[in-house]
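One structure, pasted below without further comment.
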């Protein structure tokens, strides 16, 4: 049984990475048909760097991802603190609301927001209501639950006396948060923010319903592109992105491993006297 | 003694309609070591948290030096706390933990350095400045927690079961050490524990609580020797609690037999609870005893034996250094000093019979806190 | 503590952008697209789309089951390795999700096309072009590929939390490997299985891109129909009615699933 599942695991990992390999190979293809390899070239990469359509779209995606993940992290962390302090019934209700965007299909979230914006657009007589703001609102909305769900467990793990200890030693509640609590829940905040950032960067379905012609993100454009033939420089772009993400993840992994090791081994040896 | 520092007047506390403190009245003198003692859920921690400012009483007044402080937040009180599981800041090292309060008070770094150094000397952790708190042992964390509070030179130090997580040996050492620190610094300690031995060892004053009500306030000797009711008698040490009738001053009837005693001030023929400590009973041959019974159980305890003796259906615990095998018929003698008379209370009849006694008896009651739950959502970095 | 008011802005936000939009969906579903008057016609029209609803549910259900069968051994294998390898493998599972799923689906199109990579490879050894794309199978493949990580993650999280002493206890009480799995490991993984199936089923049942690219007009899913009501046919009232029905269907499914795990409202924690 152990052997069978090992074989399945290996096959699944290959399966997961087949498209990545195809995209990477296609990025070095001379021809523009992804399924026929016509010879090796760096031409697609050159074309990518001279391009003035894709890169601005990528920049748009990054802007939305950064702004929405920052705002949702701040709002979500505050919310998690609040929910953590709530009574049982109020907390259930708040978590129920948090679960709505998670359990609702993305397309329903997208459609409902599109209708909301259209509704308010007509009510307030704004002509082209869809744009950066609507996109940002939508992204913050679907990011918030992820932030809350990664901060809440850290709050639950934290010794509840820590906040009181800080206040006992003279901190105002706000000072206690910045001097103590934030350090404790930082891993949750960071992973929530990262999750929000990647979700937002890659989001297509919801963005597709709430974007406006004035502000288009990369995934939306790729979808619109795929109705006509795709330019292979997109493959080059995504191969580069893949490598960047791979490097970041490996780096994070190494840092984490080293951190964990340090905490286990080195800490007891440090006995130096402070001067 | 010295002047009064803190006074709680008619303090009540209720959560969700459940009464946790019921009209509590208590005063604490300057420089005294006062212990709030009771089983879990008796309201002792709530009382401590009210003094610390972490909770506001539902009704009643908290006075500090005669000034009402109900609405003063914790960070503005000259009171510091040693928390149950230390609550050391995991992101700071030992030095920074101790210096935390001084930095908040914006003292100069030279002043901080000298005060922290002094504190480290007091707690015997010189050389540990740069250690991560997570690398410390339980006893060391305990000392850091105490230092972190004391370095601020508070008027009062609150300690919430500070030794609960330590093993027995370390707990005994720390008891002595805490008492030494308290006397050396002359600070008022308000100490919460459910361990009666701890309370008796360290305190100037012990406050025994149950169900949100103070049962007795007194010196350790008073509490042990003159318990006010069956609850206190049972909670502090081992005791046999027997129903009796006070015939007149200094004469009580037990098991149909008259015994001289030292208590007075009861109505004639008033029913009372009588406490007899297991170590006060003298065992004699059956023919010369005041009462006679059969040994039904014996447990070796090291210094002495715990024996259970059946006196016509009522089982007593008696401590003796001599071996009496199960089944042997023995007599006991009680001197006037060995008999403590208590007024009847709502606790009468609830304690004192050792019918269900077993060697593990001592360990029941001690409820430890559950370890914190550790659910974790997988984040991106995991 | 007044800290709980920190959740105020969040709750207002969620009311504005989650609850009110759903009310508006309801409003649109119950009004006529031209006159704006109350009507049940949109909901009544759902019966014409019944085959599409059924097909969506059917394909998504098959994909969920395949994901479970494939994902469980993977999650289990990852959980058996040392902590360092574990972290690395977990990262490998997550990594594909960081790349646009549109492009990854396109790569599958390139694989499966009539003139695609697989067909040109087998063409060389004389096997004629196989009809790989524009089939139900291709759509299921696309769903499994895209949502498999969502199955592996919760399974893995649950499996590593299983106390190894329980396995030892079961062995001690006479279970062989298969019995340990069937009587201890599998029952204890149920919360992960439920949450994994939900996390695969919900996006699969509502997808529209995968079926557009890998399917044909015969494999239209409910997501495609909703999308077209908003983007091409422009009948948002009908689209809203469909969204409403889809949402209710999914909530019923999740409700039924959660029956299996008891009342645990935080199962859905990714």
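Read from first to last, the chains carry the letters A, B and C; within each, the first residue is number 1.
Methods note: a residue touches a chain if its C-beta (ideal position, glycine included) is under 8 Å from a C-beta of that chain, and two chains touch if they have at least 3 such contacts.
All figures in this text were calculated on a predicted structure; none of them were measured in a lab.
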- prompt: Where is the C-beta contact count highest, in terms of which two chains?
  reply: A-C
Query: So which chain ends up closest to the centre of the protein, judged by Cα positions averaged per chain?
result: A
- prompt: Which whole number of Å gives the spacing of the CA centres of chain A and chain B?
  reply: 52
- line: Taking each chain's mean CA coordinate, chain B and chain C are separated, in whole Å, by 57
- prompt: How many angstrom between the C-alpha centroids of chain C and chain A?
  reply: 18
- line: Multi-chain contacts in chain C, i.e. residues touching at least two other chains, fall at 87, 94, 266, 269-270
Field: Set of chain A residues in contact with two or more other chains
entry: 149, 153, 198, 256
Field: Contacts with two or more other chains, residues of chain B listed in rising order
entry: 375, 377, 380, 382
- request: Show which residues of chain B lie in contact with chain A when the two form their complex.
  value: 52, 54, 73-75, 79-81, 83-85, 87-91, 95, 100-101, 104-105, 126-132, 134-135, 148-149, 152, 372-377, 379-382
Field: Partner chain C, residues of chain A touching it in the complex
entry: 1-2, 4-6, 8-9, 12-13, 15-20, 22-23, 26, 34-36, 75-76, 78-79, 81-86, 90, 92, 94-109, 111-116, 118-119, 137-138, 140-141, 144, 146, 148-149, 153, 173, 198, 202, 204-205, 209, 218-219, 222-223, 226, 230, 234-235, 238, 241-242, 245-246, 249-250, 253, 256-257, 260
- request: Would you mind writing out the residues of chain A in touch with chain B in their complex?
  value: 149-150, 152-153, 156-157, 159, 161-162, 164-172, 175, 179-180, 183-184, 187-188, 190-192, 194-195, 198, 252, 256, 263, 267-268, 270-274
Task: Name, in rising order, each residue of chain C that touches chain A in their complex.
output: 1, 3-11, 13-15, 17-22, 24-25, 28, 70-71, 73-74, 76-78, 80, 83-84, 87-88, 91-108, 110-111, 113, 115-117, 120, 145, 148-149, 177-178, 181, 198, 202-203, 205-209, 213, 223, 226-227, 230, 236, 239-240, 243, 246-247, 250-251, 254, 265-266, 268-270
